[in-house]
Amino acid sequence: MRKKEMIAMLLAGGQGSRLGILTKNMAKPAVTFGGKYRIIDFPLSNCINSGIDTVGVLTQYQPLRLNQHIGIGIPWDLDRKTGGVTVLSPHIKGEQGAWYSGTSNAIYQNMDFVDAYNPEYVLILSGDHIYKMDYAKMLEYHKKNQCDATIAVLEIPIEEANQFGIMNTNQEDRIIEFEEKPPNPKSNLASMGIYIFTWSVLKQALIEDNRHNDSSDFGKHIIPSMLEDEKRLFAYRFRDYWKDVGTIESYWKANMELTKTLPEFNLYEDFWKIYTNSDHQPPQYIAEEADVQTTTLSEGCEVYGTVYNSVLGPGVLIEQGAFVRDSIIMANTIVKQGARVERCIVDEECVIGREVVMGEGENIPNQARSKVYDCGITVLGDNTTIPDQVWIGKNCVLNGETKYEDYPEGRLESGQSIILEGVKK
Amino acid sequence: MRALGIILAGGKSERLKDLTDHRAIAAMPVGSCYRAIDFSLSNMANSGVSKVAVITQYNSRSLLDHLSSAKWWDFGRKQGGLFIFTPFLSNDNAFWYRGTADSIYQNLTFLKRSNEPYVIITSGDHVYKMDYNKILEYHKQKEADITIVCKNMRDGDVSNYGVVELDEEGRMKEFEEKPLDPQSSTISVGIYVIQRTLLIKLLEEIMPEGRYDIVKDIIIRYRRKLKTYAYMFDGYWSNINNVQSYYQTNMDFLDREVRGLLLKQAPYIATKAKDEPPAKYNVGACAKGSLIGSGCILNGCIEHSVLFRKVFTGENSHIRGSIIMEGSYVGNNCVIENAILDKEVVVSDGKQIIGTKENPIILKKGTVV
Amino acid sequence: MRKKEMIAMLLAGGQGSRLGILTKNMAKPAVTFGGKYRIIDFPLSNCINSGIDTVGVLTQYQPLRLNQHIGIGIPWDLDRKTGGVTVLSPHIKGEQGAWYSGTSNAIYQNMDFVDAYNPEYVLILSGDHIYKMDYAKMLEYHKKNQCDATIAVLEIPIEEANQFGIMNTNQEDRIIEFEEKPPNPKSNLASMGIYIFTWSVLKQALIEDNRHNDSSDFGKHIIPSMLEDEKRLFAYRFRDYWKDVGTIESYWKANMELTKTLPEFNLYEDFWKIYTNSDHQPPQYIAEEADVQTTTLSEGCEVYGTVYNSVLGPGVLIEQGAFVRDSIIMANTIVKQGARVERCIVDEECVIGREVVMGEGENIPNQARSKVYDCGITVLGDNTTIPDQVWIGKNCVLNGETKYEDYPEGRLESGQSIILEGVKK
Amino acid sequence: MRALGIILAGGKSERLKDLTDHRAIAAMPVGSCYRAIDFSLSNMANSGVSKVAVITQYNSRSLLDHLSSAKWWDFGRKQGGLFIFTPFLSNDNAFWYRGTADSIYQNLTFLKRSNEPYVIITSGDHVYKMDYNKILEYHKQKEADITIVCKNMRDGDVSNYGVVELDEEGRMKEFEEKPLDPQSSTISVGIYVIQRTLLIKLLEEIMPEGRYDIVKDIIIRYRRKLKTYAYMFDGYWSNINNVQSYYQTNMDFLDREVRGLLLKQAPYIATKAKDEPPAKYNVGACAKGSLIGSGCILNGCIEHSVLFRKVFTGENSHIRGSIIMEGSYVGNNCVIENAILDKEVVVSDGKQIIGTKENPIILKKGTVV
């Protein structure tokens, strides 16, 4: 087997519960972004663009969608004879099976996989963030400084530093201390959860740590114990776009930002393409009577109505007289004639009935989950049907094939939810 | 599978002018994100034909690039696969293909080493969707030697096609190429089904006589000796053979029905993945009755046009009834009407390019205006 | 997504404990056969040769070796954009995770996967048997008889029928009764564990059955309940080579049989090739002083000694003066100068020291596991090292880097074992 | 990656006689299971060169088949890939390649569209193992314009090679093709490293002058204008250019050291997967000092020979010092000495085929004796 200098291990296990109904049936890395992409496309594309052709994707929560999306890695050129992309689920070893109980525990359970490629370095990624990064440059930095571990960090406003894992470094950016959410931060260098380890050092640390911890975590256990052992850990400063889209509001904002004339995050660069599995969607068609502005539109959309300031996924149909503004509409959803959708997130395969009005009224936080849905955005889970002519307020959550009878007097007031069980997937 | 496929993609056409200067007709961009050959290839794959040969010659580079991986159409490598045959030099062979039959004859080992009972021969420059299994069924049911797919053009002009006369049973009686005085409105669309062994036998018969053409030297010449039946096809079918038909075929995609039939209903047409981001409509963008490719950035107005991938249009520009191919750039305050802009054309601010529907202006690949 | 008429689900979960040390680190389907193949190659090759290009492999026990072997399916032409081969491990769904608790339970847990291809028929296979079979013909039979389920059966000697699942049929081979290991068998049609189900019928049955059984099994639950519901179940008679290699003795015999001049099982047919993942092994080299007869030899072997009546895997080195007879030597093993190996099974990556003698002496069953090792065959687990000049008897089991000190007076008597922990993998 | 690769596989050689009747030299079977081009391709892949063009012309079919999937060498499609360039017809081009430089020039867009700083040019008919990164390092360290890989042949005959004279620093002073009176024992093995932009410039300079050859029109002609350095290579290297060298190269694999170097040590040489079962030695089989391919069934004696895949040898047959290619059949009681049997040759019972080491008998593909 050909030896690989560096392979990547992508932690795609996160449930992302603050994304509410959007992660009901899938892990956070499988959530769509920018219309046609899924979040995991960004680290995967970064890998192949950085010349890394071997990626292990660690997953255990609802992996079907992710498995289907990744397939054998064709869209990312990761369908390789040696290496390529491999989805690693928990498995029975010896007598018993074990779920992944922490970030570094997941790597510990897959040491055999890593060893099979006999790499010198291992890149640890998470599948939760939107960014473009050349990991080859980070590896150069790692080698130049003869590091045992290199941690990518972001310079954040010092007043937010108490919400992050903070690296305290000396002048040459060698890490001398790591503090998880420090009340009195000494530095503004926040860990991005992107690590390069010299594999022999990490392997040692994982084996060692497994003796003490059942649920071993990079931030909580591995990094601190390496610092204790006076290993060479360096901070690698990243100064480009990097976004955690972990809440409904941040997710919505990051999408909306793409529709600007000059968005901060540029998807249109030829030399750093983001790849995705886009099936065989036909081209998009904009009808005579349509009006589309400040909008990002994916393949296979057909627009007969009006769309402003929105992000549409592949295969969306906006019928005549429908009006969509400030919204994210995901793949294959239909917005029927005369419907009005404002400030909504509509997941895949939904149907919004004729003359429905969504996203109006008062901004009352969701009654059931006020921390998740509180920014005036109404969210529809996948495969939701909204009957004709109902009125839906703000911060509502809907899922399932709802009927007109489900709406008292044809209305769902702000902050209310309708979540039906037994939704087909 | 019961049949193997041959896609003839060797042709060039003077009538497509500058557009085929650097590409085979089968590689002509169609419908905002396809190449002409995608339709035949997808028909093959969707009909379960897993072994397909593409025979190409003129400007084969453009096709080879498009076909560099069989992945996109999901052809395998072992039980089938996508085979691409270009002419080659050897001790006893230094000919370019001398005709459609010759191009198959020069690759006869491909036929001889296969064991599928039937061969489906089609052309890479036709836009249509067809389940070849139905033709195979018909072929077997009629116990035909050759089945040719035909279409009734009704009131259309047929003088540019091969016109066939049929008896009541659907058997072909006469076949005339581009007749001055057509005797019927039924044309052959250039899709044939034939037993593999019979095809080998016929090719070995006609080659020594210096005959190299499928239509002239097999279909017509053997019309009385062989049982040739016509399978009538009634769906959308278009043949890209001149600028006008190329223009019209693209415009046909603006019709909801044609688009639905060809693109929106399963089975789908596959093409090489290109990995463009979504299209972006900025403030002031105004698209009406148009197809827009991925990765386009629109600031101006587009009406009744087909835009391919990565086209940029500037503010206050007006594009009407035009085809704009991949990577072209239209500046601010331009007017483009009834034009075909090949790939990577640059139209600078304020320029006007105005043709007519009957005679669209063509800007060659890479032209800077 | 393109609709598939029939997809295959391959149950590769079996631990195969009667194969002893051979399945210590891998599931039974990953065990090698005939030198260069693994058992799972046979059903996988049958699939692609039968025109089935979508296969789900269900596994949970030690999947690493199997995963590495299958990769993305390149050797079997199963690296497809739509379909191809997918390894399906257990996963967390909703709140909890669940291991596969029975054959049909494993299918139940992966119904989403099947539904994604919207097939009309599902072929259920096991990864435990050596055979060539055209599943397309079985499907024709299924369609012709308008079956709900078709079960492949083998006509066995009636006196052995009490060890199998037996199908009692009427004249037209419709199954009227199924008996698991009947004491007084009424028929000699044994189930081969190969089923074609009409998917809609099976899906219904799985959902129904899951209400009552936590660990649902095809033979115990699904088939009997379908018979009760008067579904159309037919027996499909298979009359070719079919071998369960579930014990050390049957495994050894089936391998030895391949070395005959005209073996019953023919690997040399061009129209029904068996595919495997064979890496890039160089050709085999037979030295001047070598003597090789009645032997099956894989790529990359180098033989300087004598080999009779044996099956050698890829990359095996037989040094000068070494003598191998009636043995199975798996990939990359080295038999050093002057060693004598008779009637042994030597797993991958072993080293047999100089002038070692193995497989002589009395035929005493193994003391620790007398039911597994009782046929005079000595077995070495993978990565075992035997020091120079030791003597090893029959029915011995060895694993690990053994030292001369591990052998009392340099001898390991028949029926004894040396199994060292912490073997590198 | 810092370099892209070009493998010249266009050549044909009259001196390989019937063996290249139906195949390119680069497709010659070597060492029981390889094709000659596998060595260059694997060197590229193993050196991390992910974008490789194979330029082919004569009998390209045999190569296209071998290279039909880039999978076996693990080239990708997006950041790199395996590109196969055959000659093609277009409006302004209907030439076969007129020389090595011309064959690259006709594919100049490939060079222009790439952004790797260096180009490694090699040939498809050489058998060797090399880490091209070392040459790149040398090239940069010397600040060379062109680096040519050279080998000291010591006492060997060099009159058939390009012979170079170097100064103490390794810079090339003179280069003479097949000299009558060689001035040194150092030869060029036909592997070049050059900056991509310089190569484009040179090609555009020489083409209008009607110069088409890399060695004659670039290396030699520009020897005083450009800084050309020699990288000395000391490993095994063999060039298949006539029957004798083809025979010898295969026999070299019987040497444990050569085999160890080329085949047994990582990085490995990859080839197209063929899916044969293991070889089978029946009672009475007797193989000595030979390479045996997968799927062979042996009943007779084989000494000092190289057998490719799926060869059958009958009882009491004796094969010595011979090369037997894929699918050949040797009956009972035959004697074959110093012969090269091409693919699918059938030798019936009792036949004797005896050549000499200096002049092995060649049986053409498919011959039945």
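Chains: A, B, C and D, in written order; residue numbering restarts at 1 for each.
Quick note on the criterion: contacts are C-beta pairs under 8 Å (C-beta built on N, C-alpha and C of every residue); 3 or more make two chains touch, one makes a residue touch a chain.
Worth saying up front: this structure is predicted, and the values here are computed from it rather than measured.
**Q** Of the pairs B-C and C-D, which shows more C-beta pairs in contact?
**A** Counting C-beta pairs in contact for B-C and C-D gives the edge to C-D.
**Q** Farthest from chain D in C-alpha centre terms, which chain would that be?
**A** A
**Q** Mind checking the centre-to-centre distance between chain A and chain D? Centres are C-alpha means, answer in whole Å.
**A** Here the centre of chain D sits 48 Å away from the centre of chain A.
**Q** Could you give the separation in Å between the centres of chain A and chain B, each centre being the mean of its C-alpha atoms?
**A** One centre to the other, that is 41 Å.
**Q** In chain A, what residues contact two or more other chains?
**A** 74, 79-81, 273, 275, 279
**Q** Residues of chain B touching 2+ other chains?
**A** Residues 71, 77-78, 268, 275 of chain B touch two or more partner chains.
**Q** If we count contacts the way the header does, which residues on chain C are in touch with chain A in the complex?
**A** 1, 59-64, 67-68, 71-74, 79-81, 84, 86, 89-94, 97, 99, 112-113, 116, 279, 425
**Q** Contact residues on chain D for chain B in the complex?
**A** It comes out as residues 12, 21-22, 57-61, 64, 68-69, 71, 77-78, 81, 83-86, 88-91, 96, 275.
**Q** How about chain D: which of its residues touch chain A in the complex?
**A** Residue list for chain D touching chain A: 1, 46, 71-72, 74, 76-79, 266-268.
**Q** So in the complex, which bits of chain B are touching chain A?
**A** 31-33, 71, 253-254, 256, 259, 263-264, 268-271, 273, 275, 277-295, 297, 302
**Q** List the residues on chain C that touch chain D in their complex, please.
**A** 34-36, 74-75, 79, 259, 261, 267-268, 273-276, 278-280, 282-299, 311-312
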